[in-house]
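Chain lettering (A, B, C, D and E) follows the sequence in which the chains are written, and residue indices restart at 1 in each chain.
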Amino acid sequence: QASDKSLKMATTTSTDGTGLLDYLIPQFKNQTGIALEWIPTGTGNALKLGQDCNVDVLLVHAPEAEAAFIKSGFGKDRKQIMYNDFVIIGPESDPAGIKGKKVSDALDIIRTGQAVFVSRGDDSGTHKKEKQLWQSTRKPLPEKEAWYLQIGKGMQATILLCEEKKGYTMTDRGSYIKYQSVQNNTAPLKILIEGDDILLNQYSVLTLDPKNCPHAKYDLALEFLNWMASPGTQKLIGDFKLLGQTLFVPNAQ
Amino acid sequence: MPEAVAYQLKNIRHYYENTCALNVDELQIAKGSITGLIGPNGSGKTTLLKLLAFAMPPSCGDIFYNGKKEGCFSPVVRSKITLLTQKPYLLKRSVFENIAYGLKIRKDCRNLDSRIRTALAYVGLDHAQFAQRKWHQLSGGEAQRVAMAARLILKPEVLLLDEPVASVDTQSARLIRTASLNARDQWGTTLVIASHDLQWLYSISDSQLSISNGNIFATGIENIIPGPFEETREKTVIKKLEDGQILTLKKPENKKNTAMIKKDCLRIKEDNGSDNQLSGQIISMLAGEKSSHVLTHICVQELSFTLKLVPDQICRMNLYPGKNIVLQFDSTDVEWI
Amino acid sequence: MDFIATGFIKAIELLISGDAATWSAILATLKVSTCSMAFSLGAGLPCGFLIGYFDFKGKKQLRTLLDTLLSLPTVFIGLVVYAFITHRGPLGEFGFLFTLTGIAIGQTILAFPVVTAITAATIEGMDKELKLTLITLGAGKRNILMTCLWEVRYGILAAGVMAYGRVMTEVGISMMVGGNIKYNTRTITTAIALETNKGQFADGIALGLVLMLIAFIVNLSVSFLRKQ
Amino acid sequence: MDFIATGFIKAIELLISGDAATWSAILATLKVSTCSMAFSLGAGLPCGFLIGYFDFKGKKQLRTLLDTLLSLPTVFIGLVVYAFITHRGPLGEFGFLFTLTGIAIGQTILAFPVVTAITAATIEGMDKELKLTLITLGAGKRNILMTCLWEVRYGILAAGVMAYGRVMTEVGISMMVGGNIKYNTRTITTAIALETNKGQFADGIALGLVLMLIAFIVNLSVSFLRKQ
Amino acid sequence: MPEAVAYQLKNIRHYYENTCALNVDELQIAKGSITGLIGPNGSGKTTLLKLLAFAMPPSCGDIFYNGKKEGCFSPVVRSKITLLTQKPYLLKRSVFENIAYGLKIRKDCRNLDSRIRTALAYVGLDHAQFAQRKWHQLSGGEAQRVAMAARLILKPEVLLLDEPVASVDTQSARLIRTASLNARDQWGTTLVIASHDLQWLYSISDSQLSISNGNIFATGIENIIPGPFEETREKTVIKKLEDGQILTLKKPENKKNTAMIKKDCLRIKEDNGSDNQLSGQIISMLAGEKSSHVLTHICVQELSFTLKLVPDQICRMNLYPGKNIVLQFDSTDVEWI
């Protein structure tokens, strides 16, 4: 009985780590009777799991990779669900002096000043976004430079390493709020840049193409997709707060 | 009816790496016999016993047991033949469990306790005192005797004993002798026993095999004269002893370098007929198997000789241990091996 | 430093309060570790015995290979198992992916060389007289196997606890093959990894302590095999 | 399945092409594993000897504790080491965090119980006559230690390769304490974890093979200690 | 000048768990002496030797070596005293390395090769043939002899030998005897030797200690009559032998249950003066140390007795092994222990 009304979803660590799914999914179960299990992992691995038909549905945030995924015939439907925004954080003293600057200018200052910049370097949605920011400076991506640390870890670990190294990094707002809450709001890293258009981060649900994955539960996946986009759920997302701050902005059309 | 044969060995050679430790062209061991195995260290006694126990296959040659070629894990071999190894190893459990092990393997656990009591009594150990001891709570000789009990309890068809009395006191050696004879008489067990305690071995065995350098002689306790020898111009070789005395022996055939003299060919001086006259000293005299003769050890410098004497001669010549005598034998009585 | 102290307190809270997620992870950990230990011991002890007991050509090479297998990274094992049991893999139809069974398979592969290598080394160090004694007492092949293992039981015990430690602490396989699904395939180690990744160090410490408590209880219960 | 085959080819490519990131990870792995093995053997062999050789009160309890330490999850060790060497921690001023030294410290803690436990078990299984023989031949305490270890060298070797396997395959400590910084503290295992997380399974397999190649070479070079 | 004392033991008790294995109130061993240790299995010989080697501390009591209380790792003890253990253990290396080990520990490696050649010759092993053998490539007796060589090469002040000839052939036993005497004569070594080969032990030792149940008697090879005994109405106890013969002994003091008779108190029947008359058989006769007397073993059913006879008496009475005789002793000559 459980087997026909259950779904497996691969998702990024941020949706799990912030507690959003723990908040949403029981309601999904209540309303539809579908038990959803999720596998928190990197965006790259999540897409791979979908490609191999090991899950039924995806919740990820890498628009370009998602488009490619559908184009290759692995995915079928894609629906934007919500976004959050990225911020650039650094030591409160801001030794490089980037506070309030435009993103591309700030990155140029970091590059020329050789201030430590910590990159997730894990091909996650966040990492892809960060690379996009560097591209916006129209200079080659930093790689082996000593000040550019690619650490290949999750967001929290990246922030903590950044704190140790007294450097700068880019993070989604949810992770930053979480970081602050763990540190009892005495965190030495502060938000230095926010609100730039380029810093928006779109989350979408993808269903798998039944042609590629005939065994995947396409119908249930579609039900989940629609449920996520439904006005009720959208309101739930909007109401989800951590330390009194909204993390995700619902934007399903 | 010819005597039933337990073992038949044909053209056995055993090599450790490249050295030949055993070299037996032909050997038969009769059922129900007790065979003593005598030879210096490294002569191949243990090797032979391991082969007889089918604990390792010979490098080449065939061993027949009851007329059949057997292998290591043949059920006949494993359930009927047992070997008391030279360094007895006790399993890391109690004495009781050690002795019971063989029976448990055979799934034969009736009256276990009383049978173990009997087995311990065979080797002179008290059940109450020893049965529950751990393997490491025993003295050297006690461990040896527990190992012996673990073999006796199996009532084996063949009992191979490798120095069963090496570190055992005289009283217990006598018990082991009684138990061994008992096994033969009651269960028809065939025994092969290696030991350096010639007196003990002689008192238990029907016949003896001498081993030297891996070669076997079925003729009993022989006298071995090891090389080197010097050649002379005549057809003889000589050996000089430490005090200058000289042995003269007939020349060996090719390559053989160890001389052997039968006990019967040795005489304590009465006439002057022999070409070898050696002054030596009697060290010990032991009662032979049926008390009708006395085994006498004589030491001539670095050599030692064994003679069989009759009580008559001893009394006539007033022989006693410690007495200096002259030993003689003919150089032509020597055999080369 | 604070998070270690906090972790201690949290560990006690987790256990007392009967936190459902924690207990589910504990249960999952116990299930897979029991399973994988049973299989790896069942296969590893005889294999280790054979390798240690007999002298054969290529033994040394085999031992070196076995030692190399000890360096199989767990993620690597996870990947290989994944390749086999993924939906499209040769064993895809059994649906082992993201199940405890899948994790147990991977952990068995992880523990097997550990058990085998230590058993082989222990059997090799065994007194040669034992072999001869057993044969001469009439032991068959099976008896020899069992008795030898019992004779060197302290070494075998070491093999067991070592493999157990390996299985209990691995993350790569559980993560890769199990998928770290809450209330299902989340084990204590994947939970620790997750908490740590979230920056919840105190929770990580707490779960680590819980894990070690389990290991302690298990080790205590096999310690009767130790020499008194 | 394909990615395993692809991984094989990629492994060869990585090594031949001299990929800078891979070689940097190889070097880092070699450095920390050598360091941590040296320290854990240096401390673990004597400790294991003492525990195995002497009979003392509480020995059994100590052994159980040691067995429990075998189940120290690497992430847990990583967290504890982190707590000490973070810049707010008691050893913060040395700046060990996110350095290879930090990883080596953690891995030493990981390998120490492994070495100690197996050494103790091996020494315990040693013939009691050896002890007596050495004393009667006039051996001092140091001689007894060295000779006993040499006498049971196959067991010690097992302790060594087992600890090496543990050190080579761990991810938690390297990740947590090292920080997985590319070209700096990224080791092969953290690189594998990363690639796997990225879904680059073939790269994960390739790096895993590289790791095992290293382990193979190391094991081969100590295999001369094995019985011929 | 009084004889220099090597060992002095005072009120030594040694317990294994709760059983007392050794109980020595007072014992002195003179420098340069050769002491034989005789006793049945489990009597405490090995225990005593381990204590003398300071290989383990006694449960209580003091052992003085050269007048000083020493501990296990005192340099004097470790460099001067060595023990050949009952089960010789060879290190897992070549014979050469085994023998060299003690010297290497002492950082004394001059002329290593030639000294090892000499040590091997002492025990009758050929350097070329054995030096490079691995520890497991030796027969039982060869291993024993290698272990002996490893002790001899140390030229120790004290050489403790626990059954050095247990599995050694007669020829090698003689060599070991020579080497031991040599050690005493050349280096002034003090020797304590435990052995069940009484003939051999008697031929090497100046004096003998008998051990029984952990108690030591300094009086030489004594005759022990083990219990149980039955009490009679008079002040005697009796023991019935298997064939019905009866021994009568004076009553023991409290709790003692083992009887001892000195060799000198045993007589082979000439008169009728004693209350104990036992018919038995001579089993063996051995030459004593200085050939002036003959050790004679007599078996009376399950008991065995040892007498010291002079050649004269042997010739007069025509004694020889195998002869049936009557043994007699007075019940008052018995001592209880």
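Note that contacts are C-beta pairs under 8 Å (C-beta built on N, C-alpha and C of every residue); 3 or more make two chains touch, one makes a residue touch a chain.
Just so it is clear, the structure is predicted and the values come from calculations on it, not from any experiment.
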If a chain touches chain C and chain D alike, it appears here: A
Top chain pair, ranked by how many C-beta pairs fall in contact: C-D
Computed distance of Cα centres, chain B from chain A, in Å: 87
Between chain B and chain C, centroid-to-centroid distance (C-alpha), Å: 53
Between chain E and chain C, distance of the C-alpha-averaged centres to the nearest whole Å: 55
Distance between chain centroids, defined by C-alpha means - chain B, chain E (Å): 24
Multi-chain contact sites of chain D, meaning residues that touch two or more partners: 127, 193, 196, 201
Residues within chain A bordering two or more other chains: 41, 153, 157
In chain E, residues with contacts to at least two other chains: 87
Contacting chain pairs - touch in the sense defined above: A-C, A-D, B-C, B-E, C-D, D-E
Complex contacts: residues of chain B adjacent to chain C: 50, 53, 55, 72-73, 78-79, 81-85, 87-89, 91-92, 101-102, 105-106, 150-151, 154, 160
Complex contact set, residues of chain D against chain E: 127, 129-130, 132-133, 135-141, 143, 147, 150-151, 153
Residues of chain A touching chain D in the complex: 41-42, 44-49, 121-124, 144, 149-153, 157, 161, 164-165
Chain C - residues contacting chain A, complex: 86-88, 97-98, 179-182, 184, 194, 196-200
Residues of chain A defined as touching chain C within the complex: 8, 13, 16-17, 22, 37-41, 52-54, 153-154, 156-157, 159-160, 178-179, 182, 213, 215
